[in-house]
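After this come two complexes, each holding chain A, first together with chain B and then together with chain C.
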Partner chain A sequence: MSLIKNNKGNIRKTLDWLSEEIKPSFDLVYKPLHIDDKHAELLYIKTVVDGAQLQQLVIKPFFELGNDRHVEAYLNSLPNLQDIEAKEQILLELTKGSVIVAIRNQLLLLDLKRVKSDSVLETMIEPTIQGPQLSLSEDIATNINLIRQRYHKPSLKVETMDIGEKTHLTLAILYDEEVVLNEVLDSIKNKLKSIKPQTVQSTMELNRLLNDKKRSLMPIMMMTERTDRVVYNLAGGKVILLLDGSHTTVLAPAVFFDFMSSMDDKYGSYWITKFLKLLRYFGLFACLILPGLYVAATSYNPEVFRVELALSVAGSRIGVPYPSFIEVLFLLVFMELLTEASIRLPKAVTGTATTVGGLILGQAATEAALASNIMIIIVGAVAISTFVIPINEMSFAIRVVRFILLAFSSFAGLAGLLFGLIGLLMYLAQLDSFGEPYFKIYLQSKRTETERTST
Partner chain B sequence: MKISVHRLGRPFTATVLALSLMIQSGCGFKDIDKRIFVLSVGIDHTDNEEKPYKIILKLAVPSGSLKQSGTEYTYLTKESESIASAIRLLKTQVDKEIDFGHAKVIVLGKEILHHDLTEVLDIFVRRRDIQRISWVAVGKPNAESVLKAEPSSEMAGSHALFNLFDQNGVESSYIVTTFLFDLRRRMLETGIDPILPVLSASKDKKKIIVNSSILLAKNKDPLKLNPKETKIYNLLANNVQRTDLTVKRDDLQYTVSIDTAKTSFKIITNPKQKPVIKMDISMEGIIEESNQGMNINALKTFSKQASEEANKDITALLSKLQENEVDPLGFGVRYKATRLHSKDTDKEWLRLYPNMSFDVNVKVSIMSTGIIE
Partner chain C sequence: MNRYFFYLVFVNMVANVVASVPKILISHRTEGAIVSMIISFFLGLVFCYLCTRFFNLFPGKGLPDLTKKYLPRWLSFTMIFVTSFTWYIAGLITLVTFSFLLKRFLTPDMPLTWITATFLAFLSYGILMKSKSVLFTIETVLLFCLPFIFVITLKAYTAPELKLDFIKESLMYINHYPSFPAVAASIYLLLGGFNLVIFNRLFKREQRINWKNMLFIGFIGGGTFVTTFFIPIGMLGFDAVEHVVYPWITTSDTLRLEFFIVERVLYIFLLLYLAISFLSVLIHWHVTLELLKSILWFKKMTLYKHNLTPYLFIVLFWLGGLKSVTNLTEYQLIQFSSYFLNYLLCSFAVMFGLFWMIKRRAKV
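What follows is the complex of A and B.
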């Protein structure tokens, strides 16, 4: 209900102040409505207001209803009516797409937003074979609608707040009150209140903003665009953050193994999913250690593998001018460039880039004896197995770790590689995501796990 | 200005460090194409008292296209007063680092067996780059001819000598395999004696035959085992699963192919009785070849005949070992392990062994007469 229920002069002053603040924007509309003894004034920004709705809900009834008392009662009964707390709030709401109606010495704020980005997109970042094919939209109301449609439970709470000193975007915090970890929820809320970013454009920015460590490698929140994953994690007691204008959500807390799971794991039959998981972890290890292993095995410990392998590696390295780690580094960097290029390039050109880069470069590099054949195989295997990691954030992190392990094995061979792996394990084990151990392995049954969280 | 320099300081140092990494590497760093792999090492005895050892290294020279041209081998030989100095000198004959990481076969010339083997093998167990799981064999007529033999069946990139021993290639009941660590153990431990396979190279260097073995008892001359004895030794030492047994009775002659064999023995020393080694051998197999029709109902008879035949052979070998006072099967070790230890246990055993009697109990079960009726 309106708080500013003062005399005519006061309302006039408020309206004047509002238009002063917004001017000289071309899209500010000040429209007095007048017929017989009915009188009202509208003030809104036309580019963010849904014109048809305005016509339908406000202007038309104004002319049809008997007198302005009726109109006031009618407007007051609209579900779009917003509370007015302060002048500044009205101003903010106007920029978001609300309409101010001044009628009978009263200011009414109606939410008549026009959102052009509410179409639901197809899953692009984490596609699965089974499971829903549509992800979220870029409009927060639509997103909450999509999630609520899949999670019918009264204990699902949606809290909203504004974030960004300049952009004032709506941020929604979703959780299931019954199973959520309260410490995590409080910690997230406190952190969200304490950060004061100028702008927040994507949910993934929150990942960095909410991390206590300024320089971190591993993501401590999981980004997803899949509604089924959101619902699965809601039921598991996680907190979901939604940001207006972003078609991805972030989930917290996240453990390392979350990043290695795909939603298909829930849809396939038991042994198939077990096999796929095994494959995925194999891929993880392959893309982590293969470059390092190559350097270690060719330059430090060629006795570890079979003599046939040693001889064929030695044969394929004939004429390669630089030591093995430069060779690996050279090809890995080019592979990373290729990956980066195919992300940034327009879709139409990506095919050409991969063909030229992958096939021709690889072939030419061996022909010119800049790299050995076996190296090309390894780089190919590494590239493929990187893409097996289902969550993009993790796969980026692994790409970086790979270079660290390569450096370790260039210094000390297999021992160094092992040392680096132990270091990685220690690093992962000391991380935490909002108080939850990052490398936690859920050995308890699902029931005991949720029982603990629900109390 | 000052601030900007300060700010640049750390990234600058980091960049310089990172760039210097490009040209640095650990101290053990040596690329695989700068190494040359020794596949087998041969040691021969020379008549020269000054330089008693002759070292032969078989080196693999990798080639770019392994499939077409295959691996080529090259050989280095050097005579010297010690093996280590010979290797040092051999290093000056090649342009690459000699890598012993894959030196998996050590061939000792027949003549060198009269030397003190602990002295000869010392370098191999002392050097860290030679694997303890290398196989040791005796070369006939000498190590050099065995190493330089290139059997016609040898394929690109796979060394014939490895295939003989590693059970990935040929599996034969005539081949004894002895690892370096095992040889060393058998040389030091009392109550068990080393046994080495004999590799004999043919004159045209196109063939290597390995079907006999040599026993090296401590402080005794080497004792040769012929192929048949070698086969039985393998059976008794539980080395082989697959072997065969030929039975001759009057006109009937048949061969049993043994699929599974199991040997166990017990040393029984009762104060009042003669000490006895009780040996139980059970074998299972089928008839593989015969010069007459075999009656399937007579399998029991055949089994019995085969058991008797095997019993005879085994007892003969055991007696031969006993007569020569060699003990490759480790009776002595078993004796020491199962008796209360005193400082005289070793001597006790040496006294007992020549007087032991053997109670061999062979049980051959012939399962079928093959797939023909």
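What follows is the complex of A and C.
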């Protein structure tokens, strides 16, 4: 129950302390209510409290009910009532949008938040053709509501905690108690408790904070804004983290193949989705190896491919002054710049950037003999295939890996490229996401593969 | 059995090509190679079975864990040290052979030390990983490669250049007594199971190898024996095959994929075997490193809370690798490989003695 059950003086002191702490702010409201022998005092911060609700739930009943015992009983029965543990907690709750009511030697804390960011947004990061078109909102209560609406099961647990030394945002941990891997859940909870960040603004920040390695390339948690993906992963036994004020969630543990799947894979018919998946993995491979392959095939082993191809590559490279790896690097860097520019620019200018960059630069580069025609085709193909990777973070990581592979194949030709690929594979295989191996091939049933006792 | 066990077995089977096994067998083709192969086929299966059964008795335990528990210290130390040395040489032979191969066929412009250094750089990263990650890597690479290997084998069997006459000719030498080097070389194919000395640490669940598993290994192993020996003879000719340094590489160069992106099978073959031999060295040297770590661990050698002992071993691996690549000739390499394989076969007598002792002392 919500009481600091002391005498009048003590309550007075608490109220004074609270207003003293918040004082210079213009939006602090201290309001005594008084009629006949009824008396109550309200203390709240105007800008975060829902005025209409306050009027409806507290002020109106105060004047309508018979005496202040009735009012106290009424207030105590409201579902908005919060527990009071300490003075500091009251202060924190006030900043979040709670109202303190002092009545009959008792302090009551009522949650009457006003949230302006609870409108549900359309999916922007992971659009699909079929499936729900709305994603999450930026308010945690609305988000939990959206997820619960799609997952009716009593074993779905929602635990909350505060995160951020300064911001004190609410973080919700969602999981299905029946299927969740307990080791993973414990390790996530422990890590969340051990980190002490000053501010956390987005769920993606958690990805970095919860990673044991300071410098990492691959995301070990998966960000999503799609409710269907959240529900699918909940049912699969993953842990979902929701942060107040962020319209994305993160899922853990994540494995490499999660990042290559789109929710459309669930909705299409069997062969179509198989084909799309194949296409996606082909795209992944193409964008990883094509630049390196070009360098290896022009500078080290022109004899590997057909003679005609070797000749036409050599022919189109006539007049190119630099060795092939500089040519590739030059165009790849400009392509990356183009991608980066089109993300950060205001929408209205993006069109111009792509036209100028893509069309004119490519055309002019070949005419000025800075790059061969085949190189332009390869860069184009690489750019397109990067966009095939459905999850953004993975496609960013792959963009970096591509340059590493390019470096290896510039050093050691085809052998270097192959070693680089195996190296990438080893890097992925030694990663783990909260104790679960990040990259392994799943051949047997899910239960046998995820059991810890066998490999 | 766990599927990861089969990968260990298969990597050895497929990688025999880069361990000079075909070359040694072919050089004995008039001196009882076929009978040797038959003998080592059965002997190898028995070895594989016994070794696996032994480790099935101790789920989750590697050889060093067992010797430490059941044997006197000095014996345990010597045995593990010798075993680790054996495994190191097995990896080294593959490494050196493949560096020579790359130098000769794929990247002739690159200096040999540079090729080996590339190999070693990636290997160093790989062998330092957890055993579990090594298994995941092996599985993925192998699953990528096996379809290609299957297609190439199929292509080889159906190629019109494969002359049955030569194979028949070689079959006429079946009535010769087996020779020890040929037995020793061909048994290498079936010794992959012995990598359990370390990898058994991961197989924590109770399991037993059964006759179905053995039949599977026997079937694939038999196919590999036949392919490894007869295809080069059928392709290159019974007499001419002797003059070729790398019989299988030259054989693959006789094949053409007319409508594929890469026309000459040689290049696909080289890249495939680059991956496979990498796996083979990765497994062998990972085992070496783990064995060494179990007997030699310098507690004081730390830097920023990292123990440097594994890195010390890696430096030794590098030195050994670079030294032997620069000093050996191809002829010496094949000779030394043959010596090593002979030694390997003998050393298994000691190994099984060790198994027997452990089993008796553990009373299981």
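Please note the rule applied: the second predicted complex is superposed on the first by the 445 of 455 C-alpha atoms of A that agree within 3 Å, B and C clash if a C-alpha of one lies under 4 Å from a C-alpha of the other, contacts with A are read in each partner's own complex, and residues count from 1 in each chain.
FYI, a residue touches a chain if its C-beta (ideal position, glycine included) is under 8 Å from a C-beta of that chain, and two chains touch if they have at least 3 such contacts.
Note that the structure is predicted; figures quoted are calculated from it, not measured.
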{"item": "Which superposed partner A:412 touches (first chain B, second chain C, both, neither)", "value": "both"}
{"item": "Which superposed partner A:440 touches (first chain B, second chain C, both, neither)", "value": "second"}
{"item": "First (chain B), second (chain C), both or neither touched by A:65", "value": "neither"}
{"item": "Which of chain B and chain C A:312 touches, first, second, both or neither", "value": "first"}
{"item": "First (chain B), second (chain C), both or neither touched by A:326", "value": "first"}
{"item": "Touched partner set for A:158, first chain B, second chain C, both or neither", "value": "neither"}
{"item": "Chain B versus chain C as contact partner of A:298, first or second or both or neither", "value": "first"}
{"item": "Common ground on chain A, meaning residues reached by chain C in one complex and by chain B in the other", "value": "300-301, 303, 411-413, 416"}
{"item": "Chain A - residues contacting chain B, complex", "value": "297-303, 307-308, 310-320, 323-326, 329, 407, 410-413, 416"}
{"item": "Of all residues in chain A, those that touch chain C in their complex", "value": "300-301, 303-306, 411-416, 418-419, 422-423, 425-427, 429-430, 437, 439-441, 443-444, 453-455"}
{"item": "Chain B - residues contacting chain A, complex", "value": "21-22, 25-26, 28-33, 35, 37, 39, 60, 62-66, 71, 99, 101-102, 104, 129, 131, 157-159, 162"}
{"item": "List of chain C residues in touch with chain A within their complex", "value": "2-4, 102, 106-107, 109-110, 114-115, 118-119, 122, 125-126, 129-130, 132-137, 139-141, 143, 202-205, 261-264, 267, 271, 274-275, 278"}
